[in-house]
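Every chain is named by a letter (A, B, C, D and E) in the order it is written, and numbering of its residues begins at 1.
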Amino acid sequence: MYILEGEGVTKYFGGLAAVDGVDFRVDQGEVVGLIGPNGAGKTTLFNLISATYSPKPGIIRFKDIDITHKKPYQICRMGIARTFQMVKIFGNLPVIENVRAGAFFGKSTSVSSANATKDSLELLEYMGLSQVANTPARDLTLANQKRLEVARALATKPELLLLDEMMAGLNQAEVAGAMQLITSIKDRGITIVMIEHVMKAIMNVCDRIIVLHHGKKIAEGTPQEIATSESVIEVYLGEDHHAGSE
Amino acid sequence: MPESIVNILDIAIGGLLLGGIYALIAMGMSLQYGVARVLNFSHGEFIMVGAFSTLTLYTVVGINPLICLVIIGPVIFLIGFLLHRTLFHQLSLRAPNADAYAASSILASFGLLFIIQNLALLGWGADYQAYTYLNFGVSIGGAIFSANKLVILGFSIGIGLIFYIFLARTRTGKGIRAAAQDPATASLMGVNINRVLALCFGFGAAMAGIAGVLYSMRIPLNPAMGTQYTIIAIIVIVLGGLGSIPGAFIGGLILGIIGEVVTSIDPSLSMAAYYFIFMLLLLVRPKGIFGK
Amino acid sequence: MDTTRFKSKGFYIPGIITLIIFAGLVTLPLFGSLYNVILITTLLMYANLTVSWVLFSGLTGYMSLATAAFFGVGIYASALFLPITGAELPILVVVLIGGLASSIIAFGAGALTLRLRGIYFTIFTFGLVVLIMELLNWWELSVNKILNRYIMLVDNNYIFYVMLGLFVLVMLTFFFIRRSKFGLAMRSIGENEEAASHMGINVTMVKIVTFAISAFFMGATGAIWATKLSYINPHEAFKVLISFLPVLMAIFGGMGHIYGPVIGAVIFAYLQETLQTKFSEIYMLSFGVVLVLAILYMPHGLVGLIQKVWRRISGGKRVHT
Amino acid sequence: MKKRLLIILIGICVVAMMAAPLIMTGCGEEKETTAPTTQPTTTVPEGKPADYYTKEYILIGASRPLSGANAPIGDAAYGPVMKMWEEKVNADGGIFVADYDRKLPIKFIIYDDATDIGTMVRLTEKLILEDEVDLLFSACGTAFISAQAPIANKYSKLLITAEGGATTMRESLPGLPYVFVSLPFSDHYQLPVFADMCAAKGAKTAYIISIADLHGVEYGGVANMEFGRVGIDVIANKSVPITYTDFSLLVKEAKAADPDVFCVFAYPPIVLPVTGEMMAIGFNPPAVIMGPGANFGFYGLSFGGDPLVVEGVTCFAAANSKTSPEFAEAFAALEELVGWANLDWWGAPYYLPLVEIIEQAIVATGTLDNDVLRDYIATHHFDTILGDTYFEMFGEGGGLMVKETHPGEIGQWQNGIVEIVGGGDWPAVVLTSEWVYPKPDWPAP
Amino acid sequence: MLEVSNLNAFYGNIHVLWDISFTVKEAEIFALIGANGAGKSTLLRAISGLLLPASGTITFLGQRIDHLSSNEIVELGLSHIPEGRKLFTEMSVRENLEMGAYTKPAWVQKAETLKWVYEIFPILKEREKQLASTLSGGEQQMLAMGRGLMSRPKLCIIDEPSNGLAPRLVLEVFKVIKSLRDQDITILLVEQNVKHTLETADRACVLENGRLALDGTCQQLLDSEHIRKAYLGL
C-alpha cells in the first residue's frame, strides 16, 4: 500500500493544463522531492493533493482511500498537512494560537483545550519557537514564520506532510537547520513530500525525486539518477550538466 | 400599426430609454469602483447635487439645462477630484491592505452621504421642487416617448462613447485603464497613480452630476432622493460586472428592459424583481454578465 | 491579543467592574428615571446589534450588511405574533421566534452566499435587506392586503430587562466563543481562510453557524425592540441604515477588544441622540463629519485610541496587544 | 499589569457612560425640586400648580422629520403653521392660563426623527418624560402618527394629529382617548364625494395607480368601493413601489385603457413625473385626480413655472383664499412665511384650526393639565377659521374632526389656483368654483 | 549612474533589507543575484519608488530618488521591467507598448521608439493587435521588455526575465540584454539563473537574507568558493 498515490492527475486552468496526466506514488516514511522550473505545476499538484482543487480527470488515493473529491478540512483530518509557498500564517494571532488551531482541528476526534495547549507548547519547543509563543505571528522573521507553518502543520498530527518551498529565502545556516528539521520529522515516522529549489537540500534530504515540466512528469528517481538524467539536465539544470540553481 | 406591436415597441424602446438613464447613473459609480476602488454610497448624492444645481440655474438664473451640463459637470468633477485627493487618498495611505481600504472607503462614502444630504437640506430646503424641460412627446413607430427621455438616452450613449474613446485612444485614458488593471505596474510606466485615481473619482462624480442635470428634467427633487439611485447603480454595476464601464452601460440597458417588462406584468413587483435578479446574478455569476 | 487566557489573575478586576455595571443596570429602574430606562434600552439595542455583528463579521472578516434584514425579521415576528389585540403568545416566546426565524434565514442565506468573498458578499447581504423588504411589501399588499401592523405596547421596564438579558447573553456568547475552540476557528478564517481549511477547520460550517448565531441575536433584539415601535410596516421594519450603524459603531469602538463594540455602540448611539435633540438642524451633517473623522483618525477605534493614550501615559513603552 | 489597568480604564469609561445620563437627570430633578425653595417667602396658592411662580412658558414638543424622506412633507405645511402660531401668540405676550393667573408665552422643542419610527418613538418619550412638555404636537405622516398615538395615549398626553389620517387609524381611535385626528382621509368624505361628482358627470370608467404603502392601498381600495357604489367600472388598480422612478409605461397603459377618470394616489415623487409623462404623451382623460402632492403650490409650478399648465387637474383640497376672509388672511400670512410654492390647500385648512382649538381650550379651562384639556376638547365646539369646529368622539376613545366642519373635500386647478369644487352638502362647505369636466387639454409644448 | 547606499527597508514589520550599498556604472550589465526571498525584488521596488525605504539614499544620475514616486522616477530615465511580466492583459500588444511610453517625453516620440522596439522584437509587430493575455510565455516576456524600453530608459531594471521560460528562450533573452548594453543602455539585472547571469553580466552582487553578501566582477564571483557552492551546486 502506498501512502499517497495519483493516477493521471490533470488540472486545466482555462485551456491550459497546469498539471497534465501525472502519476505518482509515495511510500510510507519516504521523503520525496518535487522539482521543476517555475510554472511546471508543482504547487498546483500540491493544491490537488490537499484538495484546494479537484483533479479532472484523475484519481488521488491516500492509504488506498479515494480522496479525489474530499474537502480540504477532510483531507487534513485524514492525516495530510501542508505548508504554503507564500507563508499563510494567522498574522494577528499569537504564535501559540496558530499552533493550537492546528492541534484543535487537525483530528476528527475532539481535543481538549488543555491537551491542545500542551501539544502546542511541546511543538513550539521542538521547533525552537517557545520564546516567541505569545508574539503575534506577523512579527516573526521569515524563517520563523516558515517554522511556525511547519509547527502548525505538525500540530494536526499528520501522517503525510507537504512542504512547499520551505527553504526559499532562508540563509545558509537556516537552510541547514531546515534540513535537520526535515530529517527529524522523517524520524518521527511522517512521510514528506517537498517542493524545493535549493538543490543542496533536495539532493541531501530526499529519498526520491519527481521532476515536473510543463505540467508533465519528466523524470523520477533517486537524487543520483536525477542529477545524471539527460532530460532533467536539458530542461532544468542547464544544458552544460551543472546543477545550477534555476 | 397594430396595437400589440406598438405595445412591444413601447416596452422595448421604453426599456432602452429607461436603461439609458440607469446606465448614466451607473457608469460613474462603476468607474469609481473599477479604478479608484471606492464603492461610493454617496453616488446618489452627487446626482442630487447635480439636479438641484440645474434647478437653481434654470429657474433662478434662466440657464438652459443642457448648458448647465457644461457648468455643473466640471464643478462636480472638481469636487470629486478634491475629495479623492484629500479624504480617500488619506484613507488609502492608512489602510493596511486592499480589503481594509474597501471597507473604510465604503464607510467614508456613507459619511459623505450624510454630509452632502444635510448641506443640500440647508441650502435648498427640504421641500419638493421640480421643473420640466423638453417634456413633449416624440413618436417612434407609433409609440410615443417624451423628448427629454430621448435626450437622456442620447447623452447617456454620447457620454458612454466619448468616455470609451477617451479610455481607448488618449494617453490619460490608457493610463486609467492600466491603473485599473494593475496600479503598481502602471506607476512603473510613469502613470501618476494618485492623480489618475483622483481623476477617475472626479469623472465618476461628474457623470453622477451630469446624470442629475439630465434627470432633473423629469423628476421632482428633494435632498433625500439620492439613495434610491445609489441602489439602482449598485444593481446595475453588479449586473454588468463590477468596475466594467461597458458592462455598466449594457447592464443599465438590460435592467431598463427588465424593469419595463416586469412593470407591464405587475408594477408592484418591479423593485423586487430588480433585487431578485441582482442577487441571483451575484450567486450564479458574481463577476457580472460581462465579467471574465 | 488573547494572552490573558494564560493568566487567570487578570480576570478579577474587569470581572468586578463588569459585575458593578451589571448590578447598576439590573437595578436601574429602581433609581433611574423612566426615560433613562428607555434611553439605555436603546443603547443596549445598538450594543446587541453591534456585538452580534462583530461576532460574525469582526471575527471572520466577512463584512455583512444583512443586520437590518435579521433585525427586521425579528420586528416582523413581533408584528405577527404580538398584535395589539389578540396577542396570544408570551413575549419571550415571540422574542425566541424572532431570533429563530432570523437564524433560519441566516442559515439559508449563509449556505448560499458564504462562498462569495469580499465586496460581493457585502453587496449580497445589502441586497438581502432590500429584497426581503420589497417581497414582504408585495406580499402584504397583494396577498394579505395589510400593510400596517400594530404591535402590543409593553411596559418599558420589561423591554429593558429583556434587552438587558439579551445583552448579557450576547456578551457571554461573544466572550465564550472568542475564547473557545470555535472562536479560534473563526479568527483563523478571518486571518487566512485557505490556511484554516487546510488545518482541518470546516470553514463553511463555522461561517454558517456563526452567521446564524449572530442573526439569532439580531432577530431577538428586533423582536423585543418592535414592542417599543407599536406600529410597523415593511419599510419601517427593514431600514437599510440599521445595516450600517453596527458596522460604524464597531469601528468607532474598535474591534480589537471585547469591550470595543460595546463602547462604540453606547457612545455612538448616545452621540446620535444628543445630535438629534441638541443640533437637530445639522444632525446628519455632524453625524457624517464624526463618521469620516473617526474612520480617518481612529483606525483602531476608541479602544485603540485609549490604548494609545495609555501607552503614552505609561511611559511610551510598547505594549504587545 | 498594564493590560489590567487598561481594562479598568475602559470599565470606568463604560460606567461613566452609563452613569452620565443618570447624573444629568439627577441634577435636573434636583433643580426642579429646589426651585420652589428658592422663593421661601411665598408659598404656592391653594389649588395652583407647583410651578406657579417659576413657570416661564408653555412648553410644546414635537418630533419632526427635519431630514430624510418625510422632510419635504414635514417642512411644507404643518411646520409653518406651528411657526406662525408661535410668532403670533408670543407677539401677543402669550396665552392666558388661569392656573398661573398670567399670560405664558409658548416655546417649541423640535427634535429631528430623521424619518425613522424608532427614533420618533424614543424622542416622543423623551419629550414627555425628560423634557416634560406641556403639550405634545404630532409627528408627520400616517405611519408615524399610528406609532405615536399609542404612546401619547399611554402617557395621557393630548395628541391632536396633523399630517395623517387613515381608516385604520379611525378603527383604533376607540382605544385611544387622547388622540384627535384632524385630516380627512379616503372614505372620510373625500372619495365618496369625488365618486359622486364623477357619476354626476357621467363618467363610466376609472383607472387607478396607487403607491405600495398604507396610503396608496387605502385610497386604492376605497376608490374601488366608491366607484363601484356609483356604477363606475374600475379598469385597473395598479400599485407601484415607493422607490420606483419611471412611469412612462404605466401612463401609456393607462392611456391605452382610455378611462374617464384617472386616479394617482401617491406622493410628489410619483405624482409629478406621472403628470409630466401624461403631458408628454398627451394622455388627457376627462378627470384626473392626484394626491397628496397636487394640492400644493409647487405642483402648479413644476411644469415650466406656470400653474396654468396643470389646468383642470383635480386634487384633495379643503379651502383657499376665496373660502372666507379669515382664510384669505391665513393663506396670505402663510405665503409670506413659506412662499406660494408651499401653500397647501388640503392640509393647511385643517392644521390652522388645531392651534386655535388648543389655545381656546387652554384659555377656557385655565390649565395645562392634559386630562382636563382632553375632556374639554372632546365635549366642546370651537370657533375657528373653519367656523364651528368639533370632534366626533368614539365612545370613551379619541376624536375625529367631523365632516360638518369641512369647508370642502375636492379641489381643482383653475386659472392657476386650486379652486374648491366639491364637498357634499354639509353646513360648512364653501365651494369656490364649478368642477370642470372634462378637463381641458394639456397645453401644447 | 545608480548609487544605493546604506539602504534599509521594511515589509510590514519585517526588516527586509539591511544596509545595502552598491553602485551601477554607465553602460554595464550589473547583476543582482540571490535566492528566492533574499530581498531582490524588494530592493528593486525600493529603487523604482514602489516602496519607501526606511533609511539610506538612492541616487540616479546625481539626483536623489529615494523619496520620489515611481512615475517621477520613470521620467528621469529609469525603467523597471517587473518580475512576472505584469502585462496589462486586457490591452493589446500595441497598447501595452504604448503604455511603456506613458511619460510625456517618451509619448511624443513613441512612433519612433515603437519602430526600434519592433526591430528588437519582430514577433511583437506580428502580434500587434492581439490581447497581451493571448501571447505565449516567451512572447509575453518580450512584450514586457519591449514595454520597458518604450520609455527610452537610460537604466533598465530587469527582474527575473528567464522565469518560466524554456532554455532556448532564456538564451534569446540574454542575447537581447547584451545587445541593449551595446546600445548604451545600462542594465540592472536580477536573476536566479546564476550561471547564465554571471556569464552575461559585467559586475554583480549577491544578496543573502536581505544583506549584501558579495560583490565584484562576474569573473571574481564565478571563481568564489561561496558562489560555486551555494548557487552553482559545484
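Here is the rule we go by: contacts are C-beta pairs under 8 Å (C-beta built on N, C-alpha and C of every residue); 3 or more make two chains touch, one makes a residue touch a chain.
Note that the coordinates shown come from a computational prediction; the quantities given were computed from them, not determined experimentally.
Between subunit C and subunit E, the least number of touch steps comes to 2. With steps allowed only between chains in touch, the distance from subunit A over to subunit C comes to 1. Centroid distances built from C-alpha atoms place D farthest away from subunit E.
Note: the chain lying farthest from subunit B is A, by mean C-alpha position. Each chain gets a centre from the mean of its Cα atoms; for subunit C and subunit D, those two points are 35 Å apart. In terms of their C-alpha centroids, the spacing between subunit A and subunit D amounts to 73 Å. For the pair subunit A and subunit E, the distance between C-alpha centroids works out to 31 Å.
Averaged C-alpha coordinates give centres for subunit A and subunit B that are 49 Å from one another. Subunit D has residues 66-67, 212, 239, 241 in contact with two or more other chains.
Touching of two or more other chains is recorded for residues 134, 137-138, 141-142, 281, 283-284 of subunit C. Looking at subunit E, no residue sits in touch with two or more other chains. A list of each chain pair in contact follows: A-C, A-E, B-C, B-D, B-E, C-D. Across the complex, subunit E meets subunit A through its residues 12-14, 35-38, 137, 163-164, 166-167, 192-196, 208-209, 230-234.
Subunit C meets subunit A in the complex at residues 1-3, 6, 181, 184-185, 187-188, 191-192, 194-203, 320.
Across the complex, subunit D is touched by residues 4, 10, 13-14, 17-18, 20-21, 24-25, 31-36, 38-40, 42, 84, 134, 137-138, 141-142, 145, 147-148, 150, 153, 156, 225, 228-233, 235-236, 239, 241, 257, 259, 262-263, 266-267, 270, 273, 276-277, 280-281, 283-284, 303, 306-307, 310, 314, 319, 321 of subunit C. The touching residues of subunit B, when paired with subunit D in their complex, are 3, 7, 10-11, 14, 17-18, 21, 59, 117-118, 121, 125-132, 135-137, 143-149, 218-220, 222-225, 228-229, 231-232, 259-260, 263-264, 267-268, 270-272. Those residues of subunit D that touch subunit C in the complex are listed here as 2-15, 17-22, 25, 29, 66-67, 110-114, 116-119, 121-123, 125-126, 129-130, 143, 146-147, 150-151, 154, 166, 168, 172, 212-214, 217, 221, 239, 241-242.
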